[in-house]
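Both of the next two complexes hold subunit A, though its partner changes from subunit B to subunit C.
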Partner chain A sequence: MDKSINPGHSHRSSHVLEHTLHGISETLERALFAEEISAKPGLFQSLDARVKILTVLAFLLAVSFSKNLEIIAAIYLLALALALASSIPAGFFVKRVWLALPFFTGLIILPALFVTPGPVLLQVLPGLAITRTGAISSLFLLLRVSTSISLSLLLILTTPWNTVLSGLTVLRVPDVFILILGMTYRYIYLLLHTANDMFLSRKSRVVGWLDAGEDRRMLAAISGTLLAKSINMSSEVYLSMQSRGFRGSVVTLKPFKMQPRDWAWLAVFIGLAILAVVLGR
Partner chain B sequence: MIELFTFKINKWLVAYYAALLVWLGTTAMHIPDGYLSPLTSLVMFLLVLPFWMIGVRKIRETMNARSVPLIALLAAFSFVIMMFNIPLPGGTSGHAIGATLAAIVLGPEVAVIAVSIALIIQAFFFGDGGILAIGANCFNMAVVVPYVGYAVYQAFSKGTPINSPRRLTGAALGGWLGVSTGAFLAGIEFGIQPLLFKAADGSPLYAPFPLSVSVPAMLIPHMLVASVVEGLLTALVVAYLQRSNSNILEGAAIPAQALRLRGLWVALAVLIVASPFGLLAPGTAWGEWSTGQLSAMGLQAIPTGMRQLSGLWGAPLSGYNLPVLGNTNLGYVISAVTGIVIVGLVVWLFTLLLTVRPGAQNQEHQR
Partner chain C sequence: MEHIIHNETNNKAAPNRVPSPPVIQPVFEVKQVSFAYDGKQLALENIDMVVQAGECLAILGANGCGKSTLLKLLDGLYFPISGSVTAFGQPLTEAALRNDEANFAFRRRVGLVFQDTDVQLFSPSVLDEVAFAPLQLGIPREEVTRRVESALEMLRIEKLRDRAPHRLSGGEKRRVALASVLTLNPDVWLLDEPTTGLDPRSQSWLVEFILQQRQVGKTVITATHDLVIAEQVATKIVVFNEDHRIEAAGQPQEILKNHDLLHRCNLSHYHNEVNAVHVDPVLAK
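Right, the complex of A and B next:
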């Protein structure tokens, strides 16, 4: 979850600009990092994208269905093992999930420790006790969220985005939708760069601080311009698509072929996920 | 003893959420995987599905081949706009969804598709928001916000010139109400989890808070921050477009076509808003929550199967064990609204399935 807050600060132009610039560059960096890891040798990198998508979905469902904490923990360990086997730095994989988690899910479920009705587990203060049910449900939520994020990370980090897209056909996603997803992904970067340029050029012409009202007007102008640019650009893109023969129907190449090895791993992973669902009931 | 216990906790809880208020309000409503049960996730997908179908059909009818790059660019735009950090008067700042703006420019049907694609990309490629929770996130942010925001904007701007200040009021209120409604629904989705899904020992398996906590915890901070950000951004951008690029507001992006369903939508909105008031007046017939109250008082002797069944049956009403004032009324309003929305959508889905014309696709290829 992306969030940035600066309550209590006096509002200065640089804060807003820098927050947004920081967010934009972080997104670009994240994508670059994923590209880098997906090019490394490793178990998940060597598998067909469809195998990975089905595997991750199957385990996400197993995590979601499980009524057993040990099963969810086991799936987390499996995700960790798969990350290690796929050249993902273990420190990064663990930190990315567990450092961010307490700030959102942790803070949200903190009261649940105390307010969930049930037998008292630990009396913290008079009138304030951790209940057993509260502790268990907090653990469920924390483990479920962290394991699910880890599983998604596994897919994101080991698979170039265009292969994820072509792999989505296995979920019966229509070709038109995949084409639009792919174009969106590509133009997100273009628009991020455009927005980045607009912010930077504005920043370069600002001396001193702007008040919050000025900030808002500037953001609105940039947003409005970006919207107009997007619409204009879509006409240009349409013309260029037309010039290359696009008439509204989509034909995608499907260069991937499942190898026996892919089938074998798919069987292993799906088998494990089914086992997890059965044991976790 | 239990009365005393819960009373103390409630005060503590209020203090805790007061401290979290601003912080929570600035976060976008991206629900991660793990908060919602698989059943809820599935239901949310089913709720979104007809809106996706309507959006795709609308795009085919009005734009055909042109639509592919337009949708892609606008989805990319709504992704980028979600990253903008917008300062509020008073010193906080937050992120907008941009869904109201998309609805004003594109119409709500097409905005649903653009914002959904942005959310799907966030989930699949950036890990923001869960993959199984895509249905819920798309419903709360990509369906509810555009439709509610657009309805309000239309109500204010109908018959006014393009540079009318009334459009700004409509844009601001639409954005505010849209995101607030989305947050309210997210609160309900969280709040029904502990009623429906518990482990054998009574521990909630997913989001643990009852409706009486989850709805205000989602709604109040969003009403104060995130919704204000959305309303502010929408109004400011509309104002900018009025000055500099008014043809976008005139619907130049999409060929204008009367919304056939608009009347129905307004009627539905009025019904949804109005019906709970009728239910508030006679505060009788509260038999349902007695089972829930019994188990809260420590009576674990109810058979598990029966407890689960009663949880399923009296779901929206059974969680009001915490003696917060006005809870029972809130519960009634929530269950009424949820019921109306679900029934309405199911009926609508069926009519939609019956009226899908198989010829639409062929026409497109002939051009």
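Right, the complex of A and C next:
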């Protein structure tokens, strides 16, 4: 049993084990949830990955170029409609974007509301007022970010990650880069599982709470072991690739085949994105 | 090495003489091979062995005796610090494998299935994994597609084609790992601890697979410490001791009945030894 255990220690002490385990489980669950959705029948799931990538990219550009709030709002609603047509629960889709949004944009929006020069919209305190210009530019930022995240989420939730990567060929991303991204994603999972097992194994031998110093030592030991494992595994993986003919460049199967339906949807989506840019000028 | 595939013996018989039987080239010839990791940590010492075509060789040994290292040497991934390895009559050296043509010719003939399937399965999907080797080795895409379909069907993993390897069970991963080499249709299979982590049903399926490969004339070299699988598949056994040397080689019946040999090489134990494990009285409370 660990010498540093401290049953009488208050709950104020860092619960590193619980937090880390919770974080790892949450990440794994989230990935599992995304995989489940991508396997469901739905509009976006039925399309070729390249159509989805080009569509999302076109709408992201339209959102960036549009200077009209209604147009950006319309693209957000379209993303929401596409999510519903792709078996993504609306509540989850909306919450996932809007709950995380304040952390990303809050720091920029809050000062912008007050410091942007313009006519006063709301006097909060003497000498502190929200300006109309500040409110509008904040709203623009908020809508642009939320719509962009929604569009990206739509792609990620309806397409298995390996298919997204393979689809990147349409953007002329080199095959070797796609292979590296795919391997990174694949081995992050393996390391997450390994880390989870290591933390669980540690937890099973700890009673009470560890003090902060012991927590740090444990984290350092686990990180070091994980690093050593990953270095060892990377050299083994390289040998395995060499064994099957890898010589530095990669040849892929490229199994995608665009169907007439894919072309039709691509035309519709690109047409809508162009319309959004034109109307939003 | 350039002539690995078309390794024809120049056997011109003189007139009026009875033609001598064709010389059968061994698949591998290992002569006085030693290997050490980082030049210090000895993994193999003075290994001599010959593997004939069509042979099903089991390399038996305890953990850490150098079995996996030997397979990597036979696959041209590691190279000995002393001694030599010959593959299909040609020296298997780093310099020889630097040539793309020779490298590809060798890799098409020899397939290694790693012990850890997570090492073997590095691609983001099963389909990419199974297609990886033939694509890298320059086999045309139509032929690769045909081979992939055939391998998926043969190993009954068609339904897994779009799945990510990290979402598969141990047995499924092993099948995909085999499929990833099967698409090469190699002459020689190198299997490193193939039964690790498999349930009994998957183990018996694997034995069937190895026997099937043996039947069609493939050479199969299996590194294992599993005496049962060695008995089921091997036509010849080589036993490694814990000093990283070959302790014995021979027919399965002869080797597997030699309990002293197996015991000496840490491949079996006597029951009274288990009972003799010292139990600390404090821990036993």
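Basically, the second predicted complex is superposed on the first by the 261 of 281 C-alpha atoms of A that agree within 3 Å, B and C clash if a C-alpha of one lies under 4 Å from a C-alpha of the other, contacts with A are read in each partner's own complex, and residues count from 1 in each chain.
Please note the rule applied: contacts are C-beta pairs under 8 Å (C-beta built on N, C-alpha and C of every residue); 3 or more make two chains touch, one makes a residue touch a chain.
These numbers come from a predicted model, not from an experiment.
Chemist: Hey, is it subunit B or subunit C that touches more of subunit A?
Modeler: After superposition, B is the partner touching more of subunit A.
Chemist: Under the stated touch criterion, which partner chain does A:Lys67 make contact with: subunit B (first), subunit C (second), both, or neither?
Modeler: In the superposition, A:Lys67 touches subunit B alone.
Chemist: Is A:Trp209 contacted by the first partner subunit B, the second partner subunit C, both or neither?
Modeler: neither
Chemist: In the superposed arrangement, does A:Val237 touch subunit B (first), subunit C (second), both or neither?
Modeler: Both partners.
Chemist: Taking the superposition on A as described, I'd like to know which of subunit B and subunit C A:Trp263 touches: first, second, both or neither.
Modeler: neither
Chemist: I'd like to know which partner A:Pro160 touches here: subunit B for first, subunit C for second, both or neither.
Modeler: second
Chemist: A:Phe33 contacts which: subunit B (first), subunit C (second), both, neither?
Modeler: A:Phe33: touches no partner chain.
Chemist: Can A:Arg247 be said to touch subunit B (first), subunit C (second), both, or neither?
Modeler: both
Chemist: With the two complexes superposed on chain A, say which partner A:Val145 touches: subunit B (first), subunit C (second), both, or neither.
Modeler: In the superposition, A:Val145 contacts subunit B only.
Chemist: In the superposed view, which residues of subunit A touch subunit B and also subunit C?
Modeler: 161, 179, 183, 185-187, 190, 233, 237, 241-242, 246-247, 250
Chemist: What residues on subunit A touch subunit C, complex-wise?
Modeler: 35, 160-163, 165-166, 179, 182-183, 185-187, 189-190, 193, 233, 236-237, 239-247, 250-255
Chemist: How about subunit C: which of its residues touch subunit A in the complex?
Modeler: Within the complex, subunit C touches subunit A at residues 72, 75, 77, 100, 103-104, 107, 111-112, 114, 116, 118-120, 122-125, 127-128, 131-133, 135-138, 141, 144-145, 148, 162, 164-167, 180-181, 184.
Chemist: Any idea which subunit A residues touch subunit B in the complex?
Modeler: Residues 1-11, 15-16, 19-20, 23-24, 27, 30-31, 34, 56-57, 60-61, 63-65, 67, 104-105, 107-112, 114-118, 127-129, 132-134, 136-138, 140-141, 143-149, 152-153, 155-156, 161, 164, 176, 179-181, 183-188, 190-192, 195, 212, 215-217, 219-224, 226-228, 230-231, 233-235, 237-238, 241-242, 246-250 of subunit A touch subunit B in their complex.
Chemist: Across the complex, what residues on subunit B touch subunit A?
Modeler: 4-6, 8-9, 12-13, 16-17, 20, 22-24, 26-28, 30, 32-35, 37-38, 41, 64-66, 68-77, 79-89, 91-95, 98, 101, 105, 117-118, 120-121, 123-132, 194, 199-209, 213, 232-233, 236-237, 239-241, 244-245, 248, 252-253, 295-296, 298, 321-322, 364-365, 367
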